[in-house]
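Here chain A shows up in two complexes: once beside chain B, once beside chain C.
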Partner chain A sequence: MATNAFLLDISRCIGCQACTAACKTGNELPAGTQFIQLIEQTRGTFPNLEGGFQNHRCYHCTDAACVSVCPTGALFKEGGMTRLNRDVCSGCQYCTDACPFDVPQMVDGRCSKCDACADVVAAGGTPWCVRTCPSDALRFGDRQEILAEAQSRVAAIKERYPKARVYGETEAGGLGVIMVLPDDPEVLDLPANPQVPLLVNTWQKVVQPATMGLTGLSILVTGVAAVIARRNHMQELKLLHKEEAKADESK
Partner chain B sequence: MTTASDREEKVLRYRVGQRVVHATLAISFLMLLFTGLMILWPPMAGLAAGGTSGIIHRVGAILFMAVPILYLIVDRRGAKELLVESFTYDKDDLAWFKHMGQYFLGHAVGMPPQGRLNAGQKLHHAGVVITSATVVISGILMWYAKGSLGAGGLAMAATIHDLSMLALTVLLVGHLYFTFVYKALSSMTTGYVSKEDAEIEHPKWIEEMGQPQVTGD
Partner chain C sequence: MGKVQLQISRRTFLKSALAGSAGLAVAGGHAIPAVAAPEGSAEPPWFYRGQIKTTYSVCDMCPWRCGITVQSVGDRVYKIDGNPADPKSRGMLCARGQGGVSFMYDPDRLRSPMLRTGERGEGKFQEVTWPEALDAMAEKLLAIKEQYGPESVAVFGHTSGEFWFADYFAQAWGTPNAAKPSSSLCTSPREEASNLTLGFPVGGHEPVDWEGLRCLTLIGSHIGEDSRNTVMQDFAKAWGRGAKVIVVDPRFSSVAAKADYWLPIKPGTDTALLLAWINVLIAEKRYDADYIAEWADGFDKLAAHVADLTPEWAAAITELDPELIRTTARVMADSLPQSLIMPGRHVTWYGNDTQRMRAAYTVNALLGAYGREGGFYFNKSPYIEAYPHPPFAVAGSAGGCSAEPGAESAELPVGPSGKARADGARTKFLRGATAMQELIEPMITGEPYPIKALIVYGTNLLNTVPDVPRTIEALKNLDLVVAIDVLPMEHVAWADIVLPEATVLERYDELWTVAHKTPYIALREPAVEPYADTKPAWWMARELGMRVGLENYFKWETAEEYINTRLQTIGSSIEKMREEKGIIVQKGKPYFADFKGSSPFLTKTGKIELYSDELALAGQDPIPVYTPTEDPPDGFFRLLYGRHPVHTFAKTQNTPLLHELYPENELWINAGIVAAQGMKDGDRVWLENQDGARSGPVKLKATERIRPDAVFMAHGFGRNEPALTLANGKGANDAQLQTRYILDPISGGAGMRVNFVRIVKEA
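Entry: the complex of A and B
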């Protein structure tokens, strides 16, 4: 499957809520559930203040922390997207803690986050949010093409926003949502260098398998030894009883 | 020297309160182990879906944490003896460790004389006490702070939890092993063991109890 990506042009998002509404309707989300949060922000320094919106959603990280901690396989990578199968989610909340962007939420005891409109895309369609955006802030397609588009958009706004940059080319192994930022990531409430702590990977990839392996090994070793040791013990008891009998006789 | 009559004669090893406490410990531990493994082990992970196992894990955790309190209530003396003896080792215990391989392979006759608990039991019980503390602390951390621990904190708590559970499980495997090899189960079911077994494995205890050893000749 081709590696897809979203384009999210923060400099063009006008906070109209068309994407949130389309996402909610298209995915038939229950009341209170939302995959996109539009957060109003004030950017720049006085007197050059400017209002804007952070279009907060799952960024579909390539090295997705949520996927590395998910013990049930409910979260998984597919075609560059971070998918979620709610049916097997145990509600352990590990993903909530692990995600560097604070994305996964718990709804009815299970994880809730953007599933990249997987059904729609599989049927050859475009994700709901992308389809409805009136301001061309969202696009979806092949990751290489999306990246090139983001770079040319940054070049085009460099004059107006000197700090403009592409975000998501390499962050967290490369995001599945490539962003055009008008300012530094910190100003937009995005971590400059989203990272998965080393221990997260050692926990799931080393500690857990080692735990299972060593437990299995101890069961195997004692299982074999038990047969031998039990026989040995029975023999020494028999020997003891024989000696007693002899001692009794000689009395 | 043991005698044939010692085989029929029984000595009380654990009072009823102690047996109830131990059963609570064993049941709660197994609840925790299986529901914990559902989160940890991919082949069992499907069973965790929906979060029921998480609830059972917490019920087990409450039982598990209640065990020390329960022990103090029903049999203060037993609890104290367990704690004190498990952390006190004498010369015979050290000598016992040297011959541990022999005991592991089923040869109890000829081991250095042991008290109420042999050195291996002491080590097991002490290990249980220590790793129970770490499993409880990391467990409580995950219980109350999950969702706000951050990735590093969560991984830290879970790593401690996993390693403690590894230690406890290996201790349990050994515990069951020796229970089976030396057919010791009765001390936790009826409370009694045959006097002969006790004389072979815990001669200093029999002596202490003021039941003079019957001499053969």
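Entry: the complex of A and C
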């Protein structure tokens, strides 16, 4: 399967929320659930201002923390996208804690996040959000083509935004959403260096082996699993925080 | 074997339903293997639940009316997408358009015709049958006609079914008192300024030739917040190409954040800025001199008029840096003639709005923008014959943004008993489409003659017309009030007869004919049956017509018959239009070359009239003059209002999907003021205007994005109708705080940005 990616051109997005609405209707999301949130950003003081919109959504990380910690395989990688099979989600909430971008939410006791419109794409269509974006701020396709498009857009806006850059090519092991940023990531409320490797490594090498026996059970008995898994998870979190503290000390 | 084939055909079918125009996946032909419908406990996605039916229609979630494809399975609509064949949507939609399904399935919809049982305004009704409701309406209308003449019936129409009542029925019945809020409460100044200056109106779709545009100037236009789909698309493309953007706005709007130059102007002073720009263009000889020599009239008078109106003069008025004024004039001139000021849409601001618009068009003329590639194209209406009805009892439509371009004649049309419009045209104001707010007065005073009945089609009366207390008084005075609507908007409680309408996804409508660079015609067909006991407007207008002696106008029995009769005149039919994806595109005449030597300007001089004899004769300024508007008193802020990208008018606040995305409006207020007054972001406050009218509570949005002398809120919130279960009581209501307006003496527009509010902490 080809590796796909989204293009998200933050410099071009005008905050209209057509993407949010198209996603909600196309995916029949229940009231209160949104896979994309537009958050107004303002920098400076009147009248010397800059601003735009943060487009908060699943970034489909290549080394996805949520996938690494998901004990049931509900979250998985496919074609560059971070997919979700809600049917096998046990509701353990590992993913909500692990995601460095705070993306997965719990809806009706199960994980809920952008599934990259996998069914639509499989049927030959385009993700709903991409299809409707009036600003051409969103695209979807082959990761290499998307990356090239992002680079050419950055080149085109350099005069207007000297600090313009591509984000997501390598950050956090590469994101499935390649962004065109008009400014430095920190300024736009994005981590300059998302700390995913530390988190995931800690998790995989230290924390999960310690509790794996119990978590394995959850795959079999989903009903009870959430409770057990949640309890395990609380222990794991404690361990994790210890590891993090260690890491901090050693800095 | 059979199974495989089924999968293939389903997949092909899905492809046509799901494939869009945007995105690399489809454009690049990315073949990703199809998966079968997901199995297991969860319900499969809607597009696997059965055969998808695609219906071509036209969105009605805002007045822009993008072409849409409506996807339904069985008797349920699931998704609306942009129709790729449509020149406006081009396959995309805004958030509101996406919310069209949610609008239709709003559980608060009106379900049945009703007759009033309690006092008017009490909102007590009994459900009745359609014949009962229509018989009652017909009887009352005929009695009023008998006693006062047909002109005593006013018809207010808004949204895309307005044609059947505010145009077709009103003209057949014989009242010149049909009005649309899209005129005097929105675009009249922009249209009349264009008629006076260029000899033709702007028309619904601002004729910006976006493809080659190199410099865009916006004055109070909020692209992105005003989320007209096509404009957002065109703006994004032009911006992406590197076109310069100049935004004049007291507020750092979404589009101001994309601008190369933002001019945070003092509200109400735009004409001073425009005159200073004209001064720079002329003084520095940066205007298109050849173009002006060939196509403009009155240049010398204009040059003399602005000789002293320097950036320094304007700076003192506008509170802008004079160098910024000078620089932006030069930036505009650097890109001429691919440089222009966009007319914008809602321009009824201060009561001198026609003059401001004429000043903007003067800049555009100096930039040589009209009729030039990358400037303004000349739009053209599509060719199609009207339905062959007998001559109307009163000709001349109510106007409005969907009106056909037409010259203003010296004589106002009169009704069968010899009465012209009661809105004061030619006395209180000079010209233009019927002024809705001026029809309220005769309902109260009986002058110049009484208006006794009001049919309100889709107009959100109490959230649209300024001076709500006066409108309430008028409602109490009338002999008959009929409300035709989809939802129980506030004024519905004041009706004697309520007629519930089917939404656009459930009905046929008049063809949508669009004056455009490529004139086109769009078809609206129903995707599903009307909800409960609702009916389309064409059916209601016809049934009513048959009951009041207008049978001759309603020889057609169905909307299909009406539409097909019209389509026949261009060799088409509903059937053929379906095959052509619901759209017929014709050839336009966009540039000078297409006029083969004759002038495209339809003024008396055949030129762009920088100096207007017509205005001089009427005692108005022949060249725009800056007239100051009153400043807010101490402790008060000027109340500005506008749009949020997911809402339209006062129409969508109760639509579940859109309500979720923006449930209540906020009061934008300068962060420094909030801190100085000991308040904080998110505080809930009440607003009181200069006349003591109150609205709230509303959340403070403490922001650097607005000047300290003004506050801003999205229009359409702060609703007072419990039957609107989601919208009721959320936020503040700008219309309630607009107890006054200033009448534009030229166009009849109601300038509404002349209200001031102060913040009070409790109700």
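Methods note: the second predicted complex is superposed on the first by the 190 of 251 C-alpha atoms of A that agree within 3 Å, B and C clash if a C-alpha of one lies under 4 Å from a C-alpha of the other, contacts with A are read in each partner's own complex, and residues count from 1 in each chain.
Methods note: contacts are C-beta pairs under 8 Å (C-beta built on N, C-alpha and C of every residue); 3 or more make two chains touch, one makes a residue touch a chain.
This is a predicted model, so every value here is computed, not measured.
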Which superposed partner A:G79 touches (first chain B, second chain C, both, neither): second
First, second, both or neither for A:P134, with chain B first and chain C second: second
First (chain B), second (chain C), both or neither touched by A:M179: neither
Which superposed partner A:D87 touches (first chain B, second chain C, both, neither): both
Contacts of A:V69 with chain B and chain C, given as first, second, both or neither: first
Which superposed partner A:V103 touches (first chain B, second chain C, both, neither): neither
Shared contact residues on chain A - chain B and chain C: 87
List of chain C residues in touch with chain A within their complex: 11, 14-15, 17-28, 30, 32-35, 37-38, 40-42, 45-48, 78-82, 91-99, 101-102, 223-224, 227, 229-230, 232-233, 235-237, 239-240, 242, 252, 254-255, 257-258, 260, 262, 264, 645-646, 656-658, 660-661, 670-672, 703-708
Residues on chain A engaged by chain C in the complex (per definition of touch): 1-2, 4, 12, 14-18, 20-22, 24-28, 31-32, 34, 42, 44-47, 49-53, 79, 86-87, 118-128, 130-142, 145-146, 149, 153, 156, 159-160
Complex contact set, residues of chain B against chain A: 1-4, 7, 38-42, 45-46, 48-51, 53-54, 104-109, 146-156, 158-159, 162-163, 165-166, 169-170, 173-174, 176-177, 180-182, 200, 216-217
Footprint of chain B on chain A - complex, ascending: 65, 69, 71-74, 87-94, 96-100, 106, 109-110, 196-197, 199-200, 202-203, 207-208, 210-212, 214-215, 218-219, 222, 225-226, 228-234, 236, 239-241, 244-245, 247-248, 250-251
